[in-house]
Amino acid sequence: MFLPRVRDGLVNFLIERLASSLFSATHCGVDPKMKLELRGITKRFPGVVANDDVNLSISTGEVLALVGENGAGKSTLMNVLYGLYKADEGEILIDDSAVRFTSPADAISAGIGMVHQHFMLVPVFTVAENVVLGIEPTKRFGALDIDKARQLVREVSDRYNLDLDPDAIVEDLPVGVRQRVEIVKVLMRDAKIVVFDEPTAVLTPSEIIEFFSIVRTLIAAGKGVVFITHKLKEALTIADRINVLRRGKVAGAADPKTATEAQIAEMMVGRAVQLTVNKKPATPGDAVLNVQNLSVVDPDGRKVVDDISFVVHAGEIVGVAGVQGNGQTELVETLSGLRRLNSGQITLDGKDVTHSSPRDLHTSGMGHIPEDRQLQGLVTGMSITENLVLTRYHDGMFSDGVKMKWPKAKEIAKELVANYDIRTSDPEQLASTLSGGNQQKVIVARELSRDIRLVLAAQPTRGIDVGSIEYIHEQIVKERDSGTAVLIVSTELDEVMALSDRVLVMYRGKIVAELDPKKVSHMDVGLYMAGSRPTESAGAKS
Amino acid sequence: MNTELLVSAEQKKHARNVGFGYLGLAVITLAVFSRRPGDAGFKLTEGGTSLTLPAQQFAWIFGIVFVALAAAQLLRGFGKLSSVVLSLATAVFVLSFLSWATAGESFSLVGMLQDTVSRSVPITLGALGGILCERSGVINIAIEGMLLAGAFTGAVGASLTNLWLGTIIAMLTGVFLAWILAVFSIKYRVDQVIVGFAINFFALGITSFLSFRVLVPNPDYNSLVPVMPISVPLLSKIPFIGQIFFVQTIFVYFSFAAVAFLTWAMYRTRWGLRTRAAGEYPKAAGTLGVDVIKLRYRNLMIAGAVAGIGGAWWPIGTVGRFDQNITGGRGFIALAAVIFGRWHPVGAFSGAMVFALAEAVRLKIGNFDTGIPSEFLLMAPYLVTLVVVAGFVGASRAPKAAGQPYDEQ
Amino acid sequence: MKDLLKSLRYTLLALVASLLVGAIIIVITDVDALKSGDFGKAFSTVFNAYKSLFQGSFWGVRSISNTIAGTTPLLLSGLAVSIAFKGGLFNIGATGQMLAGGMTSLWVGFAFDGPGWLQVPLAVAAGAIGGAIFGGIAGLLKARTGAHEVITTIMLNSIASFLVLWLLKTTLFQREGRPDPISKPISEASRLPRLFGFLDGRVDLVAHAGFIVALLATLFYWWLLKRTTVGFELRATGLNSDAAKYAGMKTKSLMVIAMLFAGGFAGMAGATEVLGTYGYASTSLAGNIGFDAIAVALLGQSSPIGTLVSALLFGALQAGGRSMQANTDVPVDLIIVLRALIVMFVAAPLLVKAMFRVKSQVVSQGQTFRGWGG
C-alpha cells in the first residue's frame, strides 16, 4: 500500500538530484548579478574616526581596488560591510534597497564573502572542517557528515581549479595553500562579491600572478571582487577601478588605465611621497657579521635553515628577501640568540657568538628590531621610558646591579623621544598609547642609539603609516652611513629592493641567490623567491 | 623541503620520562614491596571468592617486569601501544602495592574498587564541566563552587521534596552559577579567573553561612535517604568487573553516559566542531557567522548543570546530608583531571579514577601496617600528580583561546 | 595619585555594595523571623550584625588589636600571591608555603636558645627560607618542565599539610606528653613582642610585632618592584615574557625568582603566626589562607599599596566578623560572602573602564591568567 509512495518519493528524489547537478553543470558559475553600495558610512572608535562619510560601490563583474596606507580605514570599512562592525551612520544597499547586517551570517547570506588578511582558519582542524564550519552538513542528531564535507570541498576546489586536500591539517599547510582554503570557504557559501584584504602580503610574485588569474576566473564566473591593498602596483595591474581612502575619508578615485603610482600615492598620503629611498652608494668596510654553514632543525626534524653562509660588512645594507615561511624567522631568531642552531658558526666583529645569549649579543654590539613589535619588541604595559631602556637596563648607566637609576633613564628617554621623532606628550605614559609607527620608532630609537656594530632588522616597517616608514628607512640609511652593518629581513620586496645594497634570497631555508638590486628586476627576484630561476631572456628590468 | 621527519624532541623527552617512570616503579617494587612475606588475600566478590597472592614473589616478578619495561621503553619505545602498556603497568603496580600492604591479611579489593568508582563521580562530572568550558574558550576555576552549591541545594531540595527534584534543583544551581560566570566574563570582560575564584568564595561563604544559620536550627532541611545502588542486569554478573562497575548508583551510570556522550558530541557533531573552534580560534567561527558568544553562554550553562549534578552526588548519592565545605577541594582536583586528561573526556575520566582510587585507598590505609608513616601514603596521589604533570603532561595542549575574552566589536 | 584615589573610591563603593547585598542575605535567611512574619526582628538583626562588625574591627583597642592580628598573615600571604602575579604566575600555594615557613621558624624557635634580638630575626629569616624553598619547587618545575603552577601549587599544598602532620608527630617536633600533633613551644626569647605590651594587664590584646614585619615586607616589595633591576625584569616578564626574552632577560630564572620571593613572603606569614600568635605550631596553622590571599592580591591588583589596603580591609572584616558571630547569630561565614562580592564589584568596573581607556593590550594589563601556556 505504501510502496508506490515510497517509489514516488524515490523517483522525485532522484529527479531532483539529477536536475540540480545538471543545473550546476551548465550554470557552471554564472550567478545572478548584484550591485552593492556603501553610502555615507561613518564608524567611530574611542579617539578616532575610522570611516568618515564614505561612499563606495561595487558590482558583480568588476574588480575594485581599495587603496590607502595602514590605518586609513580600509579594513574597518570592509568589516562594516561584512557585519563585523556596526556603522554609526550610513547605510548599505544591495540592488538599491537598504539592508542591515547584524553579524557576518547576514552578510554571508546576502552573498558577501571575505578573505581576511590574517587567515581565519583553525590551525588544528582539517581543510574540510574549516571550510564547512558554520554550514556543516549533518546526519541525524546533528552528527557531522564529514564525508559530505569532503565531497563538497573537492567539488568547489575542482570547479575553480584550486587544488586542495580536504583532510590536510591547516597548520601543516603553506601560506599559499591556506589562502586557497579561505577562497573555497567563501565560494562554498555562494558569495557574489568577494572581498580580499591584503591578499598578496604573503605571496611570491609568481603566486601573486596565480592569484590574479583566480580573480579573473571569479570575474568570469560572474562575481565581483573588492581588493584591499596598499600595494599600488598590484592595484594598477588587476583593478577595473581604484578608490583611495585617506584617514577615514574618500580621497579620490583613479582609473588604472591612466593613473600612475605616484598620483595614487599622493592621494593616499596627501603629499608627494618618496617612493624610492635616497641613498648614496655604499662603501662597505670590514666584515662585521660572518655566518658560516648555519643550519637550524625544527622539533619535527626538518631543516628550516639549511647550511647557509653569508657576510655583512660595515657600512652596507644586506637585505634578505623571501616569502614568509622559508626560514627567515628562524634565521633571525638564531642570529639574535633566541634559538639554538644545530650546526654552523656565527661571528660578530671577530668574536665567536655562535652560542651567545641575547644579552651577550646586545653587549657585543648587536641591535635587534624584532619582527613583531607588540609581542617581541615592547612591553606595552610599561611606560615609554621603561621600554626605551628595555635592552640596556643592565648597563652600568642605568643600573648598579641591584638598583635601577630611574632619573638617568628618564633623562635619556626624553632625549630619545626628541631625537627620534616619537610623538608623545609624556614618556611616562604607557607604550600602548602610541600608534604603531611610534611604537616602532621607540624600538628603533632604543637600538640605534646604542653603540652597535650590527643592526638586525626584521620586518622593520610592517603595518605602519607612510610617514613613519619614510622616517625609519632614513634612520637605517643613516646608520649604515655611519659605518654600522645592517641586515634587513623583510617579506616586503619593495622595501628590500629599495634599501639594500645587496640582496640575498631565501627559499626553503637556503640562500638561492645573491643579487644586486640595481641590476635585477622585481620579477626575477620573485622567481628566485618561488624557487625557480629566471630564464636567460627575462633579464631586463621591468 | 627536507622532510626527514624524526621524532620531535618533545616526544623523545616524553618517552624517556616514561622509561624512567618504569624504572622508578621497578625500584619501588623491588626495594619496598618485596620485603613483606605472607599472602595477601583479596576478596573478589561479595560471595567470598578470593585471590591469594604471595606478596613477596609477586613483587619480585613484577619488579623484574618493570625493569624489562623500562629497558624496552628507553631503547625502543612501544609506539602505538604506549598508552596501553602504561595503563597496564599502573594497574599491576597498584596491585603489587596492595599486596604488599595487606600481606598476611585479607582485604576487600572489590569493596575498595567499588568505592573508587563511586567517588569518581563528582570529580568526573566536575571535569566534564571544566572541559565543556575550556573547550569553548572559557576558563572555569569555579568548578569547586558549583559542586559545593549543588551539594547544598541538592541536600536541602531533596530533604524538602524528593530525590529527583533535589537533583534538578542542584542542577539548576550549577546553571545559575555558570550563568554568573558567563555574564561577568563574557559580557563584562572580567578576568575569568577572578570571577571563578569569586564564585568559589561566594559559594563557600554562603553555603557555610546558610548551613550554620538555617540548617543547624532546622535539621529536617538537611536529612534525606540517598539513592541505593542498582544492579545492571546481565552486566553485573561479569566476575569482578561486574561488581565494580555495574552495581552502582544512578549517579555513576549517569557519569559513564556523560563521558561517552560528551566524547561523541565533541568530536562528531556540528556542535562539537563549533565549540572546538570557539576554543581554538573563535574569530574563525565568528567570521563565518557562528555566534560565539551565544555558544559560550550555552556551553557554560550546560557545564554548570553537569557540575551541579556532580555536587548532588554528596547528599543524594552517598551521605544523605550537607556538611560545611563537603567538597573539600574536589573541584580543583577536577581541574587537575582536566589537564591530566588533556582536555579529553575519557582522559579526564581516567584522571578522576586515579584520584578517586587514592581517596578510596586512603580510607583503608588505617588497616595497613606498612612501617611507612601513613602521612606519606596519603601524600602519594598528590606527589604522583606532581610527577605526572611535570614529566608527562608539562605545558600541554590547551585550547588556544581559553582565557581570552572574545572581541566582537 | 589620581588613579590611586579613584581605585580607593571604587573599593569603597564595592564595600558598600557588598554590605548591602550582605544585609539582604541576612534578612532573607532569618528563617525564624520570616516564618513569624516579624520583619522588624530581621532588620534589627542586620543592624546588630553590622554594628558588631564595625565595632569588632575598629572600635576600641581590642578591636584594633584583633584587626592588626588578622591583617598580618593576610598581608604577608597576599604579597606572596601578588609578587607571583607580577611575574606572570598564579600562586595558589600560599597555604603550603606558609606551613613550610612556619615549621622552619618553629624549629629555630625551640632548637636554639639565644637572646631575643637574635632569635626573632633568625626565626623569621628561617621562615622566609622555608617558604621560599617550597615556592621555589613550583617555580623550578614550571621553568624546567613547563608544569603549570596552578596544578603544582595545589598539589604542594596538600603535600605540605601531610608533611606537617607527620613532622608534628615525630619526637623532634612533638610536644612531650601530648598525643596530638602539636609542637613544642618556642623559647620565650623567640616570641614576637606584643604591640600593646605597654598596656599592663591587657593580655587579650594579641596584636604582635609580626605586623611590623608585614609592613616592612610591604615596603620591601615596593622597593623590589619599582627600584631594583630584578623587579624591572620581573615586571617585564609578567607583562610580556616574549619581549622580555628578546630583551635578553632570563625569563626562566625569573620565574623561579618570583616564586622564591613569593614563598619567602608566605613563609614569613607562617613565621609570624608561630612566633607571634601561637608560640607553637599545629595543623591549623595556615588554615585556608591561600585562597584569602588570592582575594587580597586580586583586590589590590598586586600593587604594594593595594595589597596593604586589601589586607587591612579583609583583616578588619575578619575581626569584626568574629565579633558579629559572637554577638548575634549571624555566622562569620558571611564575611567570606562579603569578600567574594567585594572582589567581584571591584573587578568589574575597573576592567570595563580599562577597556575604553587603554587601546590595545588591555588584556595584559588586567588579566591575571593568560591561559595554560600550551
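By letter and in written order, the chains are A, B and C; residue numbering begins at 1 in each of them.
Here, a residue touches a chain if its C-beta (ideal position, glycine included) is under 8 Å from a C-beta of that chain, and two chains touch if they have at least 3 such contacts.
For clarity, every value in this text was computed on a predicted model and none was experimentally measured.
Contact with subunit A and subunit B alike is made by C. Using CA-based centroids throughout, the chain positioned farthest away from subunit B is A. By C-beta contact pairs, the most connected chain pair is B-C. Taking the mean of each chain's C-alpha atoms, the chain whose centre lies closest to the overall C-alpha mean is B.
Between the Cα centres of subunit A and subunit B there is a gap of 44 Å. Centre-to-centre spacing of subunit A and subunit C amounts to 48 Å, using the average Cα coordinate of each chain. Centre to centre, using the average C-alpha position, subunit B and subunit C are separated by 30 Å. Not a single residue position of subunit A touches two or more of the other chains. Counting only residues that touch two or more partner chains, subunit B has 400. On the side of subunit B, the complex with subunit A involves touching residues 1-10, 268-274, 276-277, 280-281, 283-291, 400, 408-409. The touching residues of subunit C, counted against subunit A in their complex, run 227-233, 235-236, 239-240, 242-250, 356, 358-361, 364-365. In the complex of the two chains, the subunit A residues touching subunit C come out as 46-47, 336-338, 357-359, 361-362, 368, 370, 374-382, 386, 390-391, 393-394, 399, 401-404, 406, 430, 432-433. Residue ranges of subunit A in contact with subunit B, taken from their complex: 82, 84-86, 103-106, 108, 114, 116, 120-125, 129-130, 133-136, 138, 141-144, 185, 299-303, 306, 508-509.
Looking at the complex, you find that subunit B touches subunit C at residues 139, 184, 188-195, 197-202, 204-206, 208-214, 217-218, 329, 332, 335-336, 339, 373, 375-376, 378-379, 382-383, 385-386, 389-391, 393-398, 400-405.
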